[in-house]
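Below: the structure, in structure tokens.
Labels run A, B, C and D following the written order; every chain starts at residue 1.
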Amino acid sequence: MFADLRARAREVLEPAHWDYFEGGAGDERTLRANEEAFERLRLVPRVLRSTGPRYLGTTLFGTGLRTPILVAPTAFHRLAHPDGELATARGAAAAGTVYVVSMAATTPVEAIAAVAGPWWLQLYPQPDRDFTAALVRRAEAAGCGALVVTADSPVFGRRERDHRNAFHDLPPGLCCENLRDATGAVRDIVMDAGLGWAGIDWLRGVTGLPIVLKGVLHPADAELAVEHGVSGLIVSNHGGRQLDGAVATADALPAVAKAVGGRLPVLVDGGIRRGADVLAALALGADAVLVGRPVLWGLAAGGADGVRLVLDSLSEDLDRVLALAGFRTPAEVTPDAVATR
Amino acid sequence: MFADLRARAREVLEPAHWDYFEGGAGDERTLRANEEAFERLRLVPRVLRSTGPRYLGTTLFGTGLRTPILVAPTAFHRLAHPDGELATARGAAAAGTVYVVSMAATTPVEAIAAVAGPWWLQLYPQPDRDFTAALVRRAEAAGCGALVVTADSPVFGRRERDHRNAFHDLPPGLCCENLRDATGAVRDIVMDAGLGWAGIDWLRGVTGLPIVLKGVLHPADAELAVEHGVSGLIVSNHGGRQLDGAVATADALPAVAKAVGGRLPVLVDGGIRRGADVLAALALGADAVLVGRPVLWGLAAGGADGVRLVLDSLSEDLDRVLALAGFRTPAEVTPDAVATR
Amino acid sequence: MFADLRARAREVLEPAHWDYFEGGAGDERTLRANEEAFERLRLVPRVLRSTGPRYLGTTLFGTGLRTPILVAPTAFHRLAHPDGELATARGAAAAGTVYVVSMAATTPVEAIAAVAGPWWLQLYPQPDRDFTAALVRRAEAAGCGALVVTADSPVFGRRERDHRNAFHDLPPGLCCENLRDATGAVRDIVMDAGLGWAGIDWLRGVTGLPIVLKGVLHPADAELAVEHGVSGLIVSNHGGRQLDGAVATADALPAVAKAVGGRLPVLVDGGIRRGADVLAALALGADAVLVGRPVLWGLAAGGADGVRLVLDSLSEDLDRVLALAGFRTPAEVTPDAVATR
Amino acid sequence: MFADLRARAREVLEPAHWDYFEGGAGDERTLRANEEAFERLRLVPRVLRSTGPRYLGTTLFGTGLRTPILVAPTAFHRLAHPDGELATARGAAAAGTVYVVSMAATTPVEAIAAVAGPWWLQLYPQPDRDFTAALVRRAEAAGCGALVVTADSPVFGRRERDHRNAFHDLPPGLCCENLRDATGAVRDIVMDAGLGWAGIDWLRGVTGLPIVLKGVLHPADAELAVEHGVSGLIVSNHGGRQLDGAVATADALPAVAKAVGGRLPVLVDGGIRRGADVLAALALGADAVLVGRPVLWGLAAGGADGVRLVLDSLSEDLDRVLALAGFRTPAEVTPDAVATR
């Protein structure tokens, strides 16, 4: 659906920045596997179900959205467009969905919040607990709806494109605005290999916001997540940017959803490029999905309007696909909508 | 078998019309999957069965045909050849088979009927019930043998080629002749998302013609179809033109045939390009098959003679393949003629 | 192994003759599937089995051969080389194996017999029983060791290359020398769709020669073959030249071998191109194999010496592969030499 | 990871030597299958396991190594770099791992030992038992830590590249320095098809060194190896250089590891090119792995530094991948780290 938009984004971006957004870890096996897993799935539609007008509305943690398609957290939006995260926030708001702001945003959350609809903050809990708690307070004060804790990043993945491009630092004038400490200095994000479930327990003590754990691929971790009181899960392999060789999210989703057994909302990202992929994700057990790269293509190519175009196109395609498969709402989608092999 | 004919059709057609006939929805995954599913199947022939002369004759709803290969409904034949549906009707009659006239034919059914052998009418039941009933009466009066109700189209599929080509309207002089209302004005076909089983029940009350439900892929819908008194089923994904990602018909057929359990004739279309595909479809549970695009290639390249050539070639190839696999008639074909994996 | 030899053969042959020898039926799916099935198989060697010198000797119907690799019947050898079947016979004799002479040989069996080692005659039983019986007598008198009855040819396969090349007749001076009747006139070979098991019973009454049934792919036919008293089976799809779409022989072999249960020798042809393929065939239940096209490559490129080179190379490669897999003789090969998936 | 290094190695090597190092037997099916088997595997990481700093240290036969990645035995290092095996030994020592010296080394073991860290000697037991015993004594005297007995080579594999290149002999000045007999003459290595388990029993009587059996792919041979008192196993197909068509090592490993049941260390080589492959091998039952060709690329491109770079890069990548998958040590890796299909 987005071939032209993607080509336009590639044109307007610095090659090294394109590679940063588009690339994955290692040989990019997981990056490819994510898309291929959805492409391989086959749908089994139902007919004559009077699917009338569809209703895509979805409620997550008490917030009503117009669509089950959310904006996944991705870093450095001012590399993609001068308006950066503000454009993304406006586009997501116009589309009636949640924008998950990356901890590595190049715009302060307060400024984002001023133009956003519902938004959540993605968080790498830092070894400096006080600093982490202060950032959580900032987010709460700005109206953040949930914390998305990235669990798949004890260390950085090996991003070969960035090595080749020697892309290590943001250009002058850009920085991670939400990593300023009390003195105004900008800290580096620390990938904390020491992070464990105790870190999640600590965070739950610090904030009343829903905690959504991102990066779960193993059903045993889904079970632990429920036990540790998180509010939701995102089945994710970080868009193929961390562990190259990791299972595709469409392949991991069913076992995770089964382990959760409806006790929490389960979201999924990675390789979702069309309405049929969303439908398949719902059939495999997801309650909602997130999209990352297509939003960046829209952002680069058209700012806030581009972001909205991507999100609206996906929702419109989901609407069509729901009708064609015989459903009126995302919640109606049943596992038999995907063929078993 | 038809590579040359297909190339010739491509040559003579306007590129946008070629794309209209040849293309599918979305990324055309289902379009490709239909052909690939048949190509992947492997046959296990029997030997020394004195297969003497074969007999392809098949009876459907009381009508005897010379072959189990029917003409699938496809729209706008006057785009493919000046003689349009009249040529298709003549070719099908010469080949001794049923022509399923599309509701979007560019020739009135009365004119088609005047030159056709056995013919059925494909129908999208319109929200305007009176208009629909009037069309059914017209078809009955013209000698229609059955109504083929398309069930897979609550909304239009996303046909990217047509968007790209800006192909939205028929050229001046052509229209859907069977959509004229009492005043002679031509209506647009409405894809009715509200259509449900009640619409089928209504139609059964309006006509005594056999109703054949087209677009069934899920065995639960096959069961419902039997319960709602339809006379036959067509396992179809609309040639990959509606729900992109839908299961290939060869993959969906066995479960549907099993659900029907012989209570109704089961037909199948999508990706059938050679006699071996017909044999495989019979082994997987079909009673007969329909072919769409190859008929259009024949029509474009050679009018009525081209249509007959395609149909006769397929029947001749089926005859050969039946002999080579150890069968004398379509009805003799057993499930073990296809290898399990 | 034979890439250079194959290229050389292609060079020296008339293109239409190359296509005749090399091509298959329809879209050549089975032709490709035969080779691919062997290429996909994986071997699980045993180690430290003191495999000392290997011994490839094999006995079939009382005749001792130096190798379990036989020459499959193929037609018209004088199209491939001026010495025709005489060269093939000499090459096979030098390699110590059986030459299965095609009924469509371009040399009389008496002349072949004069230079051959052990040889069998391939037979399409003709509707004219007297003529068939007379040919059997000729073969017996010339010293034929067995009759190979082709069971997979009730009609001709659709060979698209031959149609395209308009290859229908042998060039002047060449004919099927063994199809001369009492008057010396050469008959056409009739593919007899009426042939059944009764034809096999009749043939057993006419001759005391072992009857080997060629073209069995279905285990039920293997069972019938045993019941009808044949002496051996060849799992074959006619090198992909009859029913396009038929299962690859390596895929069909295990079920046939299981049905036979050691009551008869089971041979296989189709796609065997290297020693590892022979080993795999033995592991899947074959007692011996036949090769067709590689022998033709050798014949075209080098006459009798070329034939011998092909056969000796294959046997040498089998010898090596047996050692590497931990076996000393073909008979020692066990099913676990092929990996299950 | 090593694309640039490999390209550099290809540049500096004589084409025939490149082919010797890089090629495999026959059609190189097993050569490709080894890499593809690892590429196909999908990992299922665990999260939030406080993987802090990792520790790759591994103990094999009482020797502590800094990494579970060893140097596989490969021949003729002086073809790859003037410093030959001395460079490899220095690189491996710097990386803190075992160097398995090939019996076909172009440098005497005494010279290698003088610069090496822990090293083992790969051995083809020769039919001349006295000569074999003398070589074992030489190795013992030089400080060899274990004997790696190659079990997969009763005969030479068919290396088509070497035939094509007419690569049969080492250039003047190079020879197999460890095959000198008492008179100083250099013997040819004999592939002994007569070698059996009795040869292993004999060797155990001759030396107290641990015997590691290399080339085991069948679980029954693993069981026999335990019964015959070997100290370890290497699941190997000789890098695809012996039996073409042999199962990929990643596919053979689980059954072998299961048969061993922890009674001996199980190592594996073949197709390991990145940290994720090592992790997968550990999950499939290996205790350690060996790499061959990448070490040769490093050696050709950069001598001892190149060897160290390859080994350190792999260990660093393993370290990262362990963290990303949720493990702190190789021994912690569990079977569920690899997805089943």
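As a convention for this text, a contact is a pair of C-beta atoms (placed from the backbone, for glycine too) under 8 Å apart; a residue touches a chain by one contact, two chains touch by 3 or more.
What you see is a predicted model; the values in this text were computed from it and never measured.
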* Give the label of the chain whose average Cα location is farthest from that of chain D. => B
* Copies chain A and chain B touch via same or different residues, half shared test -> different
* To do: Indicate the whole-number Å distance between the mean C-alpha point of chain A and the mean C-alpha point of chain C.
  => 60
* Structure fact -> Between the Cα centroids of chain A and chain D the separation in whole angstrom comes to 43
* Structure fact -> In chain A, the residues touching two or more other chains are none
* Structure fact -> Touching chain A in the complex, chain B uses residues 26-27, 29, 33, 151-158, 160, 193-200, 213, 215-218, 220-221, 224, 242-248, 251-252
* Tell me, which parts of chain A touch chain B in their complex? -> 1, 39, 41-53, 274, 276, 279-280, 317, 320-321, 323-325, 336, 339
